[in-house]
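Pasting the structures here.
Both complexes shown next keep chain A, but they swap its partner, so chain B is in the first and chain C is in the second.
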Partner chain A sequence: MAAVPAAATGPLLDTPDTRTQMLAYVARRLALAVGTLLAAVLITFLLVHASDSSPGAVRLGPGATAEAVAAENEALGWNRPLYAQFLDYVGALFRGDLGTSLIDGRDIAADLADRLPVTASIAFLATLLSGVVGVLLGVTAAVRGGRLGKGITTGSGVALSLPAFWVGILLVYLISLQLGWLPATGYVDFSADPAAWLQSLLLPVLTLTVGGAAIVARTANAGMREALAQEHVRTLRAMGTPPWRIRYVHALRYASVPVVSTLGIQFIALFGGSVIIENLFALPGLGQASQAAATASDFPALVGVVVVATAVVVVINLLLDLLVAALDPKVRAA
Partner chain B sequence: MNRFTTRTSRQTRPATVRIGAAVLATATAATLAACGGNGGGGGGGSQSADGTLTIAFDADAAPTGYDPLLYSQRQFEFFASLYDSLFVTQPDGSVEPSLVTEFSNNPENTQTTLILREGVTFTDGSPLDAEVVKANLDRRSDPDLEAYGSLAPGQASEITDVTVQDPRTVVITWAQPQATPEQNLADTTGVIVGPTGVADPSSLETTPDGSGAYVLDEDATTRASTYTVVKNDDAWAADEWVWDTIEYDVITDPQSLANAVVSGQADIATQLDPTTIDLVQSRQSTVDVGGTIVGFPVIDKLGSSNPAFGSEQVRQALLFATDRESLVSDLHDGSRPTSQFFPEDAPGFDPALDEEFAYDPDRARELLTEAGYPDGIDVDLTVLGQPDEDAVAVQSQWAEVGIRLNFVTATSTDQVFAAVRTDPVIFGPFSVGSNPAGFVAGVLYGGFMNMQQAQEPDIQSALGAALGATGDAQQQALTDLNRAITEHGWFIPVYEDVTYAGYNADSVSEPAFAGTNNYLVLSAVQPAS
Partner chain C sequence: MSVLPLPGAEAAADEVATEPVPQARRRRGLPGFLRRPGGVFGAGWLVLVVVASLSAPLWRPYEPGQQDTANRLALPSAEHWLGTDPLGRDLLSRIFTAGALPLLASALMLVVAFGIGLPLALVAAERGRRVERVISRATEVFLALPATILLLAVIGVIGNRLYPVMAVMGVLISAAVYRVLLGVAQSVRQRLYVDAARVNGLGSLRVNLVHVLPSMATVVAVQAAQLFGIGLLVVAGLAFLGFGPGEPEPSWGFMIQDASGYIYNAPWLMVPTGLVLALTVVAANELADALAGRAAAPTVRRRRRPLRRAVQAVTPATPADPEAVLEVRDLTVSVDDGPDLVTGVSFSLRQGQVLGLVGESGCGKTMTARSLLGLLPDGVAVTGGSIRWQGRELAGLTEREIDRVRGREIAMISQEPMVALDPMFSIATQLVGPIRRFRGVGRKQARRIAAELLRNVGIVDAQRVLRSHPHQLSGGMAQRVCIALALTGEPRLLVADEPTTALDVTVQAEILSLLRALVRDTGLSVVLVSHDLGVVADICDTVAVMYAGEVVESGTAAAVLDAPAHPYTMALLGANPHVPEGEPVPERLASIAGTVPPPGSWPAGCRFASRCRFAEERCTAPFPALPAHDTGSVLCIRVDELSREHATWEPESAGDETHVQPTPTAGVPA
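Moving on to the complex of A and B:
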């Protein structure tokens, strides 16, 4: 009788060894997360300082004299040693202070706090829907096979090749302009009206789900096929385990590791690539903020967006790693 | 193996999977159903039902904060709700007193006396008085204040003195006679900021300080995306605006801007891109106004950097070498080809000029030869990034007569600004609006289009007459001024751009532009009857 892999047998075993392994793993990942965040801040900080403009020039505008720009830079501390500026910035960062905009003096942390839920909502809902639809399609393709399986595989290939903005335009035309079912633009805050919030996000989420679900479907399909071909699955069949239990408990659990990894990467990609979708649907998210900051050379705002986006990515990566480690003991032992 | 698996799965699929799929499908259908039900009105439905007017703008309403004087006239579309102006342009183009109750001009039109409205209070709690008005206008030398461009020292509508006669009376002295002084103090230019904002302009970066009918709702505002203002019932003009709340959405993508008004998320969308007009007109309604002239101001009229441009014949050759009809037909359907600087609806417009300076490549070649350039000339035009498609089209037209338009790619915005002093021509849209003489005085003759301070007696005398005269005499002077600009080749017009705004006729009345200016008078917008 073949050994059944741990990933397919059940939840974490609550043994002292397992707990130690997990704690050590969490500590390593946390340290890496903090290091990644600091590295991202440092790189962005250095890139901003390497540009041929300066905050004084941005703040005073194109009509300012060189003397006025120099005085403004001095007042803003731009001429201080780089390490001192960086340490100050990191210190302020730990206090939740991202500074103020050079263009309009707004508090950047407050502005990004308003915008983060928009982008996060889109990315989260699109990832969730991609996961549900993708797993359903992928598992169906693997389990049913035949023409349906080929159809799903071909369809997901086509869906993967469609640019998100094109899908968005098409959905807006059909669902909003022709049928009038959903708003074409705008965002409603969840606290103001949860139903309107969902309505305002559905089209962007559906737009992103087309490609996202296709990726997940392909991953789930491949994972399920591999799982169903494993020796332990054959053993389970020989032991008389019901087929639905073999597929949806044992094989699906085996296939879930790559699916979860894909979903995590998907979330990060959706989060980082929100500019086009936010512009298309006029959503006040981080993508719009980063575009506005880059266009206006608003350095503090630009660094703020990078910090927030990196922090979200690092946290998601961390959670993803922990989830995968929980699902697969080989990972946490590595 | 597969066949066995497939068949078994059909027979034994767990109920949870089927239920899950059913729940998902039902939830999606229910959500879509909940969103529908109002035809083409979109998910949000009409915003006006709860007293909210939603306006979608194609650009940020307040990109550098809430100091209205930092902006051009068009921003009055947004700032009119937060601030009041001394005078306001009406839909018919007339200028009416707003913060002023009475005004008078001396016989020479060099001094204007304003009697201020009583009972006006700013956001900071201070009342409107003559000192506040003086403090505002005394900022006119600040080069960052775009609104004061024409009032600044050296400009055609220069104010030399602002005197407080009593708490309600201000006397403004102009450097030279003004045809319609009140027009110089209308909309954004005449906006009065509260004492706190004037004393500390940096406070306006985040906090408006106006006396308008609305105040900013900071909790419902996300800078560069959505600005929300709510009615201030204590404001003197509160009754003149019917909406409890106005939401200004910034939608920079042209297609999304059109979608917003078509699907009903916005009651009004402005300014629409020409490519989306048909879509909006097929589902909603539009209004339009001219007034923006797109073309090439000739910068190097003295021939300092490009000697050919010192020749009037060469400048006229550019006029004849431009095939405006083709360009408009190919790229700007709905716009109007024009050979003159004044818009069609503005005083001084002369249809004969369009005939006299119509496309004539042979005449252009003759003029170049007469000027001593039979082999043509080179013209540098500095651009940031890709050149405008209009400029590219003109490049091929000019090439046919030997005028070689070369695009010089700038690596910074500083280089673009510097080009205004070095390139023979620049290119762009210019909102001449309903006061073309003021625009000529402040921009074309006395502003950045004439950094060389070139002199042209015909233009100078016609401008002086236009600024100082009234009635028929002013009309004739404006016609002469328009002709002089064209004949001397100070501006190479291509077309008069038409500004479009879309609106949802089911939710709001037809909006109107402020005369021939390209911004709407939003106080006049009412709920649809």
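Moving on to the complex of A and C:
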């Protein structure tokens, strides 16, 4: 072909190098992550100091005299200027030191390090299962439509409204008591017996998956419908692209961005919501620790749990942002 | 206790943000949600629970602490409608006595959340970019805090006091409220009437109260309903953990906790309380869905194309052009159980020629063009006539059959190149896939062909474009890529639906000359849909002028444009702002009064008669098309008289406001 007119002006819009864009994006997200973590420490720190109780009173218990409490507070450094205490705390935090419990003197960092894997495994497994089940249901609803689609939509609307602790009890009743398939409560360490570990987590994970899968299914359904209504789907059809390819390569890829975001949010929600599930299934995780610390007003433990939980959330958010940026070419530029 | 962020509410926000007439929507919206079953259930159950809970002391059959020791863990009976708990206390009385606290605490959380989130959103939307950034960053931090664990920390510090704790929850959740409402507030502000109000001197507060807030009502309602449900779950969850009213005070969460200890010997105990709590949260969410109007979203169901009614029956009335590659005869396109969109359309096209389909918007040009590829919208189908492509009938083919034609034999480029490409994939990926499919080559070879195709459509920097994603391309560049994509299957026919309408004028000319070069060099045939007679004169060999779903005049482009026989064609030419070189620019353009009648309201006779200057009584009766322009036709009963009288469609006399009348004027891009 000889005389094809070439594009005369501005072949491409000005776009800086993709790698620079990505780096700037990562830097922005990192700054936000650090800021969030510091904010969490500051908020809980101020909260604790705004309390009308004091660590001395907590440690000595209700029977202690005012003088004894005052002396104890003095010894704990409670009366030093706030900023000095805060800087000390942040400094210790960087060394991985979260202080000791007011109740039993245990090392909080070590205690939480033992508990973190329990909560993290529940949240991770539940997110994974929610993702698989939710995407299957949501995509089916969007692609098949009809009565099945309506059923899935309605069912997920109900499922995401159910209180997790109630669902948990129902599952214990059904699966442990009626069917006798799984132990109702208790936790087995992974290193002790991996199979029993998985078994001990299965019910809590299933419980959290009921609501989680429902939310993912909704997102996947809406995302797929939106994707299939896009103009570029018509281009694909006009090119004779096989329907499975349009649905499961192009539309699914389009819907993957909201689905991945939802999964990240789900993980964070499940992580926070684990308190209740750990209580119900007697699992020694972070949630149980935070419940115990709240009940006993164990201030250092409270701050420690918030710090660790926030750190997890922040890291997950960061990973999520990077994943979404990798999935969606437009996000990097935004 | 999952809290953030609320996908439903954001969807609702999107919906409202794109809703052009929020006022009308709102007025319809309030009774509207009660027309959906979910809305009726949601509102009904919530009202029932609220009334029953708040008035429980007046009607409850037993005092919540009253123990019936003979009747512990009883199943439902006439005395205890929902049974009794381990101490023999009446469940019905306890459930509804307990209801007031979560309902009120959740309401408090709402008040705090909106009390903070709403003003912040309004301020951020009003004060511009910098203020918005500061507030948004701060709320992002709040959103990232683990709400449940932070709440427990608050309880650890201030003690087990539900209302202050839920107020803190409201503060935490206000960040999510802000985020959703900000989007809505911004889009409302961008609408013209808000600016107009500001210009009229209304103060900031009044603008917000009078114009912005009412438009946000739906989103606020949707979000409030959803958050209310979340609040209930939070209160119950806290009580479940023992951070609620202590025994003997009843609370939903603790009653469920209590029941969990009796699932061995009294499983019924967990049912009533859990069910009331679950139903209440479901009701809140159903109400939110109904308010958002989401339940009404029709489930997409791609119905199998209805088999054509009369397709086989048609034998071309006029002998088919023996040289034609595409022969469309009496094509009818209709909405399922609805009106016809296109009727009796016939045209033919030879190899290496360009056919223009012209007419105003809403004349059925695009439907006709899309029916060639079987790409009609859901619920629209070819219901009669024939589309013969190289001797083969295309009308009535199944999806699977026509898929083999698409891309390989007939390809399409569309009006909006920027959205015609998949935003998620690089250009290379989008070209390599079809090239491999059509030409059976390997990945490497396909990439080479892709680069070559891009160069063939005039893209110099092919490698760079291959690496790009669609959002990095300009409109003209994207259209070139679309053309390259259409060429991957080496088609013999290109359907181009307004290929230059969305582009800058200079780019339009480039794309047209590219098309012309392709036709010249490859022998491609083109069906070009356009409302622009200048484009048609520029590139088309033959023309079919469409009006209200039918072809009113056809023939060679030169003949039709030089000596139009149909008044509608005359009118289009008179309204055309393109001026041949060397001729003086006319002072005013002609216009065509009125609009194209919508499908379903077409008269039996000439469909243009109501707008035609030459219409007479006999134009209202049906009549057949007459041959014209050698190979073409014209659909006008007065054609001979008009040609004898040398009728033309001149601009109206001076004083007419033709030149400033914005709509609806033919020749102006729709």
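General remarks:
Here is the rule we use: the second predicted complex is superposed on the first by the 318 of 334 C-alpha atoms of A that agree within 3 Å, B and C clash if a C-alpha of one lies under 4 Å from a C-alpha of the other, contacts with A are read in each partner's own complex, and residues count from 1 in each chain.
Everything that follows uses one rule, which is that contacts are C-beta pairs under 8 Å (C-beta built on N, C-alpha and C of every residue); 3 or more make two chains touch, one makes a residue touch a chain.
Please read all numbers here as calculations on a predicted model, not as lab measurements.
Applying the stated clash criterion after superposition on chain A shows that chain B and chain C collide. With both structures placed on the common chain, the touch criterion links A:Trp181 to chain B but leaves chain C unconnected. Contacts of A:Val26 after superposition: neither chain B nor chain C is touched.
In the superposition on chain A, A:Ala39 contacts chain C only, with no contact to chain B. Once the two complexes are laid over each other on the shared chain, residue contacts for A:Asn279 go to chain B and to chain C alike. Touch criterion met: A:Trp244 reaches chain B, while chain C stays clear of it. Look at A:Val313: by the touch rule set out above, it reaches chain C but stays clear of chain B. Of the two partner chains, neither chain B nor chain C is touched by A:Ala68. Put simply, more of the residues of chain A are touched by C, taking chain B and chain C as the two choices.
Of the two partner chains placed around the shared chain by superposition, chain B and chain C are both touched by A:Ile169.
Legend: residue contacts after superposition of the two complexes on their common chain; A:Ala195 is shown touching chain B, with no touch to chain C.
Where the contact sets of chain A with chain B and with chain C meet, they give residues 53, 145-146, 169, 172, 177, 228, 242-243, 279-280, 296.
Here chain B touches chain A in the complex through residues 2, 5-6, 8-9, 12-14, 17, 21, 24, 31-32, 34-36, 38-44, 56, 60, 62-65, 143-144, 202, 205-206, 222-226, 249-253, 255-256, 259-260, 262-266, 279, 283, 412-414, 417, going by the rule given at the top.
The touching residues of chain C, when paired with chain A in their complex, are 1-5, 7-8, 11, 38, 137, 140-141, 144-150, 152-159, 229, 233, 236-237, 240-243, 253, 256-257, 259-260, 263-264, 267, 270, 274, 277-278, 281-282, 284-286, 289, 297, 299-302, 373, 375, 399, 403-408, 411-412, 414, 416, 419-426, 433-434, 437, 456-461, 464-465, 468-469, 471-474, 476-477, 480, 482, 485-486, 488-489, 506, 510, 513-514, 517-518, 521-522.
For chain A in complex with chain B, the residues that touch the partner chain are 52-53, 61-63, 103-106, 111, 114-115, 132, 136, 143-146, 169, 172, 176-177, 179-188, 195-196, 198-200, 202, 228, 242-244, 247-248, 279-284, 288-289, 292, 296. Remark: chain A residues 1-13, 15, 32, 35-36, 39-40, 43-44, 47-48, 50-51, 53, 141-142, 145-146, 149-150, 153, 157-158, 160-166, 169-170, 172-173, 177, 211, 215, 218-219, 222, 225, 228-232, 234-243, 245, 250, 253-254, 258, 262, 265-266, 268-273, 275-276, 279-280, 286-287, 290-291, 293-299, 302-303, 305-306, 309-310, 312-314, 317, 327-330, 333 touch chain C in the complex.
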